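The following pair of complexes shares a single chain, chain A, combined with chain B in the former and chain C in the latter.
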Partner chain A sequence: MPQQVTRLAVVFGILILALVLARSQLVPKTFGQAGHYRAAAVTEIAAAKIHYAGHEACAACHEDIAKTRSAGRHRNVACEVCHGPAADHVAAPTDVHPSAPKQRGRCPQCHGYDSARPTGFPQIDPVTHNPVRPCISCHQPHAPETPREPEACGACHGSIARTHAVSAHALIGCTRCHETDRRHKTTPLLIRPSKPASRAFCAGCHARDAGSPKEIPRVDVTTHGERYVCWQCHYPHFPEAK
Partner chain B sequence: MKDADSDSIEDRRTFLQKALPAPVALLSLLQGQDRKAESKEESEPAYNPAEHYYGMGIDPGLCIGCGRCAEACKAENDVPREPFYFRTWIERYVVQTSGETVVTSPDGGIAGFSPVAEADVLRTFFVPKLCNHCANAPCVQVCPVGATFITPDGVVLVDKDYCIGCRYCIQACPYGARFLHPVTLTAEKCTFCYHRLVKGLVPACVEVCPTQARIFGDLRQRRSPLHRFMRFNKIQVLKPHLNAEPKVFYANLDGEVK
Partner chain C sequence: MDPRFQTLQEVLQQVKGYIYPNEVELHWGLLVVVYPYLTGLVAGAFILASLERVFNVREVQPTYRLSLLTALAFLIVAPLPLLAHLGHPLRSFEIFLTPNLRSAMAMFGFVYAWYLMVVLLLEIWFDYRQDLVLWSRRESGPRKWLHRLLTLGATDLSEASLRFDRNAGKLITLIGIPSAFLLHGYVGFIFGSVKANPWWSSVLIPVVFLFSAIVSGIALVLLLYMFTSLVRRVEIDMTCADKLSSLLLYALIVDFSLEVLDFIHRLYESEESIKILSQMISAKLFLSLVVLQALLGTVVPILLLGLLSPAFRSRGLVEVPDELRRWAYVGAAVLIQIGIFSTRWNVVIGGQLFSKSLRGLTVYKMELTGLEGFFVSAALLILPFVVLYFLIKVLPPWQEGETAAQAGLAEVA
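And now, the complex of A and B:
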């Protein structure tokens, strides 16, 4: 074999060896074990510290409060939403104390009025709703109740109430169109108000021959928009004739 | 096809690896080579990833936009507090009678939203967002080094010690779910709180959601709440045309939501 070939072979051999060696060192140990990634990374991520202990954990020691909460309207509101992450407290209850939000600021995060919130969710205007005094002076935070039943339907249907208030129907009370059992205000999902069911309902005021005040605009209900119920074209909380 | 792909990725990775400073190599030379010692079964014997396949259900109709999920996510995962880093966030959609849609998410919704100007609003609602943990994840496909990957239980994770901070995945994510951590300069995203899952807890955002707008569950288990969620709702995923096969399922999603 010519000398230059052997020399080259040696050089290549060394290079390849160096490459193999470098590769075995540079590629992390667990790379490729479970897929095209470092399997150890999963273990590392799984070992991250937990901050939120979860509401089940609290119940072990605060049984009374957990019970109160699960019977009230805040049953789905986790303890740590209000008290902050408390895993450290669970680990060392007497050394680490979670904060308790007593100020007015916290509750409106959920209860402040915003029309984007779904209808039926209890909302207040934090500025005008019994100002200054802390919310918890009237509402028990773990099982909140309203000291008296809300008068206005707008307490939970704020967006509808506001729309209705500036509409042509402003003077027609909600309960004229929705027969509402009082219990709807305390157990809204179980007891539901009625809703108008037929064209005849609107016709009661708007038909040509209806015995309603004469300033109310009339339509011929047998032909006007016949195939549809009225509220398929006119939003009942803000009826428009344009 | 798959093999050819991973080979060429391997080459790129080796190249990038070699560009790293040599001292790292020396250090690891000094360490033992026992491959088995790091296998994941050892540290978490009770948890078997093969038994699970996670997904999340979101019902925007229940979301009150309180932002507690975004807050809890930051606290649970030590996400930087600055208002532009989020693993999950809330958007408020305001569809106006003119047809225009205004989407806002000030500080991810953590500090709440300023009231909607109510004139000319056709409809308005909140939509929680997060990493969709796609089964066919674009971010995983573009990662040049194999630092982001899908676990057997269906969670897309980032290996922060292996990430080179090239930002490809941030570009590739159709949902804007990734960001570059300002300190480590590596890619970051939602992990479905993987460290909680392996211990049988739900993700922090699900734990704190007061209206059950977020449902977490296991797609492999019929008894999972997610299964019920998918049975009773009309389910939609975000940007289905991209074929990324997202595993965050939205109930009765508004057509304006992108």
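And now, the complex of A and C:
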């Protein structure tokens, strides 16, 4: 056996031993029992203190509020989202009092304008929307309503409205293309506006023989993109001729 | 305004088209560009060393040890950008303690460890052992002890024992070549297997990575060889430089062909992503891809080396004096480094510039300070040279050293 081999064997032996030792010391006992994680973590997490009681628990004592909420637009917003974890309060109602977000800061976390929010979600710009006064002075937090119905579609369709406002279609009002019942603004999920359904709709302005103003660019509707509806190629709220 | 919003706003002004909100900011920045660049240099330098050993390319012998030390210096620094990027460096040991066989990224820890411990360090050790013993006999003070420690006590210099060194070195090189391929192919593999990203997801990516690695490694060793010769005031061995540059040219041509193949393949496949990708190239990557990577980093060096290096016959197509040829090689090698760095940039940054909606592009704003910033990356690119400096101090790779050692051996005998 050459000297080199024995010496290297010692070095590698020490390294491997160190690894085995480190593993035996540092790898948690229950690691790998149930997957690539520490199995005991599950029972540890299960044993952790419970902070949230869940909105069903609140209904037992705050029946009136629970009822109000379940009839309003916040019906899907759980109590503790606004009041914070309240398990302690459920256990000892008179000793522990949950907080309530009375200031302006909290509501915009959900209602501040953000283009990533789903279309139709009610959004405001917290800086310009009735500044300074607390939100709850005008909106009942448990069953929020807007004191008067919003005038602009952009209140809820902010992203579309902003895009539309700088598009070639900016001067065409939303309702020219979407017939909208007034009630859509108060019960938007139930009463829905119409949407253009066929090529003929766009052709009404863009066909060669349409009776619309001369400046509007024309296409030959019989041959132009004939196998698709127009909005498969042109985004109707920001049409581009590319 | 909150400074974070300030940057966000600046970025948003340059966003084009429609992108999802979580795509505005890039998750992998400059540090992740530096990382494949460094591992590429490791693999490339090692493969160059292997050429001499396995395929017996005698001419590049003067750079054999230099390439090994270069590979080691860069390998030591290679994980640092990742650690800086991820944070929590102590957690990195978890990948060895609790290996996850189903994670490509986690298994890379083992590829790295294998390459460092079993390939590079062993090969260097076997190659230097004789010298280490002789040095430790001749020297005094701390150097003596350092060198003696490095021999691990294997001080036998008999003919049989030296023959064993040579054979072991050769065997390790044989294992080393596929390992070096694995090391860098793996980096490409990790990008290539991101199914959701049309810019990355390609079976060709690991191969392209590999050849660009070889190109960058050879170019780096060429530069280092010239530079160290200059500093040490010794004559540059022109046959060696010529051979290196010919090898560089061959590798460059293969690399370029592969990239062109990848390009044509994408054009021909013309998947739904092709439009946004071509927009990205013309709007965001024009400088780094077309100008730096393709033109300055590939075409110009191919022309320079093709005309001047003796790659196709015993002399260059255009004959020029040695001095001019040396400068041309240096120029080509520097351009290649810039080009390969741009390649890494284009892969890593490019893959995150377009939206998964295929309808918009974002921008990458490089920071100057901070952990992900320019200065840290620059420091990480300089660090390997500092490490190399110390390695060279401890293990001089020069041939004079070897011959002196041989003389010493004669004395002992």
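Operating definition for what follows: the second predicted complex is superposed on the first by the 197 of 242 C-alpha atoms of A that agree within 3 Å, B and C clash if a C-alpha of one lies under 4 Å from a C-alpha of the other, contacts with A are read in each partner's own complex, and residues count from 1 in each chain.
Methods note: a residue touches a chain if its C-beta (ideal position, glycine included) is under 8 Å from a C-beta of that chain, and two chains touch if they have at least 3 such contacts.
None of these values were measured; they are calculated from a predicted model.
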>> Output check: A:Arg23 vs chain B and chain C. Expected answer is one of first, second, both, neither. What do you get?
In response: both
>> Quick one: is A:Arg69 in contact with chain B, with chain C, with both, or with neither? Answer first, second, both or neither.
In response: neither
> What is the contact status of A:Leu15 with respect to chain B (first) and chain C (second): first, second, both, or neither?
Replying inline: second
>> Under the stated touch criterion, which partner chain does A:Ala116 make contact with: chain B (first), chain C (second), both, or neither?
In response: both
>> On the A-aligned overlay, A:His234 touches which partner chain: chain B = first, chain C = second, or both, or neither?
In response: neither
> By residue count, is chain A touched more by chain B or by chain C?
Replying inline: B
>> Contacts for A:Ala47 in the overlay, against chain B (first) and chain C (second): which applies, first, second, both or neither?
In response: first
>> Quick one: is A:His157 in contact with chain B, with chain C, with both, or with neither? Answer first, second, both or neither.
In response: neither
> In the superposed arrangement, which partner chain does A:Pro2 touch: chain B (first), chain C (second), both, or neither?
Replying inline: second
>> If we overlay the two complexes on their shared chain A, which of chain B and chain C does A:Gln33 touch? Say first, second, both or neither.
In response: first
> On chain A, what residues does chain B touch that chain C touches as well?
Replying inline: 22-23, 26-27, 31, 36, 114-116
> Once bound in the complex, which stretches of chain A touch chain C?
Replying inline: 2-4, 6-8, 10-12, 15, 19, 22-23, 26-27, 31-32, 36, 114-116
>> Taking the touch rule as given, give the residues of chain B at its contact with chain A in the complex, in rising order.
In response: 6, 9, 14, 17-18, 20, 24-25, 28-29, 33-35, 38-40, 43-44, 47, 49, 61-68, 72, 75-77, 92-94, 112-113, 115-116, 118, 121, 124-126, 146-152, 157, 159-162, 191, 194-196, 198-199, 201-202, 204, 207-208, 210-212
>> Give the list of chain C residues in touch with chain A in this complex.
In response: 20-21, 93, 96-98, 100, 102, 117, 122, 125-126, 129, 152-156, 160-161, 164-165, 168
> Inside the complex, what are the residues of chain A that reach chain B?
Replying inline: 22-23, 25-31, 33-52, 54-55, 74, 76-78, 80-81, 84-85, 108-110, 112-118, 121, 159, 162-163
